[in-house]
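Paired with chain B in one complex and with chain C in the other, chain A is shared by the two complexes that follow.
And then the complex of A and B:
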């Protein structure tokens, strides 16, 4: 016998979009059901942001220790022997982090009185949903639907995932380190993982069709990352196409139509992600699309009344914090609050080596003024071995008003500057405002301050 | 009208002085700076912020490696050894890089460095290395130096009873280090040597460490330090230190009086505070008096009572922090040049670079409550996914907002990168932000700063991740 639930809100997908929407809806007293085929947490917690950052952290420590085992040592630390990697322990630790966080989310959902159904949801029409759970089919006829089905990795037709061909998901759960790894696609996911594996001692080769790594970011921002790759013997094949695999590795074709094989035990394909729009009845819901994505307005409403969509399934940037911010907002709208999704900026971070942060406008025009300040002249950076040549913070403002419209940076440990960058852009700060804000000394944020002074024509430390 | 050698003469080249000099030169003023030290940069660059942070950074990594903490990440190490001379040399390199940088900036901005102690002859003349130099405006940026403890003789060369400068260069790791004073400097330098292997005892006169910070933060910090192995003796007074051979004996008694106790130590760090540098400056020659605390008083433009004489930094009232000095340096130069230079003293962040770091800006809970009703939001780092992903889950973010207007009055953070995180809070406060403004700002995932957003949501009533 199947039962029918008639909640106020049905959320489909338990990623950072869906679970945040559900918790917020629950907090606001709305009767809420969340359907998730796996455990709650989504791409982000289970096979994305979190496990990748855990492994990147471990890889960073391993690399620093490898440097300490050199003849010269590192920062006054000397190791008698080269450090050894116990990959199983690394993976156990990473899994522990993921378990704690997903367990935490489950607890939060419980406390917000959200009913969680474990199973695959499919729709017969916009307001009729069926979920196959372990205890049988559950029907749901909600007043509101929030679609948060997220995204999946894009496969190359010539190289489907499986065997030695990995998506980011498998790469984050390897049981043995390959000696050689080819990474196809040098976007942020490919680079974050490629760099982590290089730090762990794997010989890594990158293949990218564009003429630069991280093609979505400008050259100045990506150069320090490219420099790191050069310095650490990571092979780079730019303007090159992956053709397929052969016994020895990955076949590629270069811009000059040369063909050859990159020796690779494993091949990681990170050529992008696509919205998960298939297999759950989207086509039966009469919802308008916009290209590959579900079309939404600034309230995350779809073309069908009381059907909302959030997160990766709705378009770029496919980032966890965009999904969460949308989720929070939709819950509040359903509860009767007036909200719009109109952030002045959504920060983006690449946890590469060094890290890149970008907020707001990044391509200045005639009408803009730019101030750039190097970490080489920042005391905190120098005190933690982070003053590399070519790393900087850059502030872009309107010439007329002085209003800051974009801030970017590249440098070691700068991911935490994202909060400051986005606060400035969100508050509509001008260069003068930023110049007037006292920054603690010695901190990396002083570089942000100086970049504004530079744009105003009077930086102190350069 | 009298002709002067310079439009502006700055006395002292710390962050207050060198910044004032550079800004004055940028504004087209003919500028000189007197500095008696062999290098520019003052306390901060030579024997303060920069060398201490370099050692904190390196010692942290050493401790992580030595303690075996990396094994859980799958990084297995053999024997880990400390190469103290190299660690100290690396620190010195960071210092010379930066002090040399200031020298370059002086040249670039055509600032004359007068390499000697300066003494006033009159309000427009100072004597430097036997020569009289005149200036239309003189900025006193002489900074501060270590407050001595009566009856305790510091000898940095001998390396047994030292001040902060000596504790930046111990030749070997002391077995037992007694730190007198549980303030920022004592705890930072205590942390360095504790990580490198010393047993550290902190003796503090007050009933809690970290005076000036939020009460809850002080309590939590004490717990964390105790967990790291610090022995913290609060409400305890040091009555004497005697040195015999290579050992020191510290005599202490309860602050309220009571039984005397002695502590044996291999080294003793005196870190009970800093006092303004005005001795030998000849202030009597210009009729400038000090306040009760030995500081030079200024108005909000940093002008003293004597026309043409200005002062900034540690030598004037306010927190003794490098960034306060710097911003005052910029402001005073602008005021001299006829622009308007102001410093908002209500929004000056402060950072303690221990592990985890501790940072705050604005009012403490105690101060805020004295002024009216407040709402408080707190969020633990344990529930922040970035903190989890790097196994640094100690601490919390605490936001104090006005109960009626929701305006943020103070933000306090204990977290591994609290020093970086506090910038965002200072910014929001500078803009008079409400906690709702912070709560509705899209924060990048996964970052520690999401905890700031969640704490703001907690002020609103409901964070998501707890």
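And then the complex of A and C:
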């Protein structure tokens, strides 16, 4: 049986870009079909942001309990015995969270009257798509196509995924805890998972080609994370190359050309992600590329009329919230609205220990003024045992206008401040604006307020 | 500890006021002798005001753009020892204690004394008498910045309406474009996109005319208001002069720079002017006196990044072609990079204005007041010219000129230009019996 659908919009990929585009298109009354081979939710919901945050949370809890079970106890709390981890049960809890969210997305798609096809899409040309579903092939000839195929983890040629070599996806589904874990690539994914496993009691070793961890963030922001790793006996091999695996673990070569093997039961490879551009007929769509990515303009239009692309397949930063914003925008453009993608900033967060947030400009020049406030001087941070040395909020503003152009910070729980940071930048707030906003006491947000006062030269608490 | 009042000194040539163009100090700054306090601009030169003493700045008077009378207090300093003033602080500014006042009467001219004492005592006389420049809100309008400074909803609405936000003046803090600014822009007819049609351009900027541009504006206004111009254009055959110039450049004498037409034109002027003394002159029309000059001081109208400047070749009559060429180059470089001294920018008795290859066929140049004549050579073109029974190809250039008709009659203007034409067309005449 073969039928042909001719919807207004076909969305390929049900991740945070695609499903948001589909829901918004549906809201706007456009007949919309979403094709997704797995459940809707994409990398983000099923094997990325959400499951990793669940594991990180559980790992944090486990670590605190472990500290409480030590002789000294923790904040006066002493557990008689060491906590026990049933990783399979933790994973079931995590899966429950994921299920709830993906189920929610499916419901939202239904409510927006989006037709969801469960299957693999392949294009014969830019406007003809066939989807292999359980019920047979469905042909789709849409007016508009939104490509939201996302990205996949990059493999190292010498160490293909499989067996003991894990991508982040497998790492988030382990049911047995390895005693040792080597992490190749100390970007945010490798660090988030590496730190979580370290908290769960795994001996973790990090291998990174660059000179320091999180090479995309400045050193002040990453230092507290490096301190944490150091304090928790996470082995760090910087400027080192992973060569391959042997029976005992991971073979590496250091900056000094020493070669040795890091004992590791499992090896997690997190050396980046690449756009998913293969296996669905992109080459038949006559679409211009920009390097590995699909080339788009400020409206997310590709070189082919009425073919749009959003999210990771279009380039950096590969972040779910960027994809969602683009998806929403493209749906509105198809519905006839005039839109363009012009965010003042796209926030980026590392859920490391401690967390890092970066919004907007992070390298101040001569024309900028910088105000930095340490969490050591913030009451709420101290009361949550989160006032670590070296953690702070930093606000960067233009000297002449006072306009805030960037805010960064590092500290426990700081990810929740990302919303205020990006709001200030997007709304075009000035230092005086931020200084004039009463921040509730006692909260971590007071550090943001004080950073503006600092930049204006009259911080109260430092 | 004493109080020292730094007054705007006489910067020369009967200047009675100067415009503050930049501040280099602010209250609280510790300064050393010879530190730069502020830049002020007189008729055409920017002058650095340097401190004669060590001390601490306690007050500065006048915003950038304000006109300050000679003798008015520019900076108040606290100094070791006596100082030069009573220690009571000055009132904030102006006669009745408000903001800087508009000068009601012209301040006393202070022709030569470096620091004249006020001849009359008025309340607040010690304070900077300033004339406020056009009052615009003091915000940096982010014209031309890449991203517009506005909240997302404002950006979205502007984009929907096809309004480039960088042309919308922001009145919010730091120049932020508020939703109401966008409303005002639209209400003022700022819509830039006709539905479906070609775009209508209705943007525009408010540009405060300050500094050199204001000088130029005032100067031009003055010249056109005071001087009844008479324009005269004549065609000149420069074939021979060009041949001579090319030959001289092809085999330059030692130390001779590349020659343009300008030095030849100046030599021709130098040759012609003694017969027309009233053309090489400055007319003090307030006093009703014409000051003729035997020396030929040629102003060279020069385009600089900031606008038009007129550096002066002094005593052109005593300069050879090579010397003229070098001096013209030196002065135009100095004018362009801002290093020209005041005396190099004033005192001309006649001016040449040339747009070179952009010279066109005719111009009506504006006289450099208080001079009475200006010469504007136009572009050289090759033209068919009737010569007896033949038509030949000749290099031809127009000379445009303007004269102050109060001093120079049309008849005399024509005679002068005809003499210039005769000299240029037979360039040997320029150099006959002459050391050049």
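The working rule: the second predicted complex is superposed on the first by the 462 of 462 C-alpha atoms of A that agree within 3 Å, B and C clash if a C-alpha of one lies under 4 Å from a C-alpha of the other, contacts with A are read in each partner's own complex, and residues count from 1 in each chain.
We take it that a contact is a pair of C-beta atoms (placed from the backbone, for glycine too) under 8 Å apart; a residue touches a chain by one contact, two chains touch by 3 or more.
Owing to the predicted nature of the structure, the values given are computational and were not obtained by experimental measurement.
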Touched partner set for A:426, first chain B, second chain C, both or neither: both
Touched partner set for A:398, first chain B, second chain C, both or neither: second
Partner chain(s) touched by A:90 [first = chain B, second = chain C, both, neither]: first
Partner chain in contact with A:50 - chain B first, chain C second, else both or neither: first
Contact breadth on chain A, by residue count: chain C or chain B: B
Partner chain in contact with A:342 - chain B first, chain C second, else both or neither: second
Intersection of the chain A residues that touch chain B with those that touch chain C: 343, 426-427, 433
Contact footprint of chain C on chain A as seen in their complex: 337-340, 342-344, 398, 400-403, 426-428, 430, 432-433
Complex contact set, residues of chain C against chain A: 140, 142, 147, 149-152, 155-156, 159-160, 162, 172-177
Complex contacts: residues of chain A adjacent to chain B: 16, 20, 23-24, 27, 44-45, 49-50, 53-54, 57-58, 61-62, 64-65, 68, 72-81, 83-93, 97, 100-101, 104, 108, 319-322, 324-325, 328, 343, 345-349, 357, 377, 379-380, 382-385, 387, 413, 415-420, 422-424, 426-427, 429, 433-434, 436-446, 448, 458, 460-462
For the chain B and chain A complex, residues of the former touching the latter: 15, 19, 22-23, 26, 44-45, 49-50, 53-54, 56-58, 61-62, 64-65, 70-90, 94, 97-98, 101, 105, 321-324, 326-327, 330, 342-344, 347-351, 359, 383, 385-386, 388-391, 417, 419-424, 426-428, 430-431, 433, 437-438, 441-450, 452, 462, 464-466
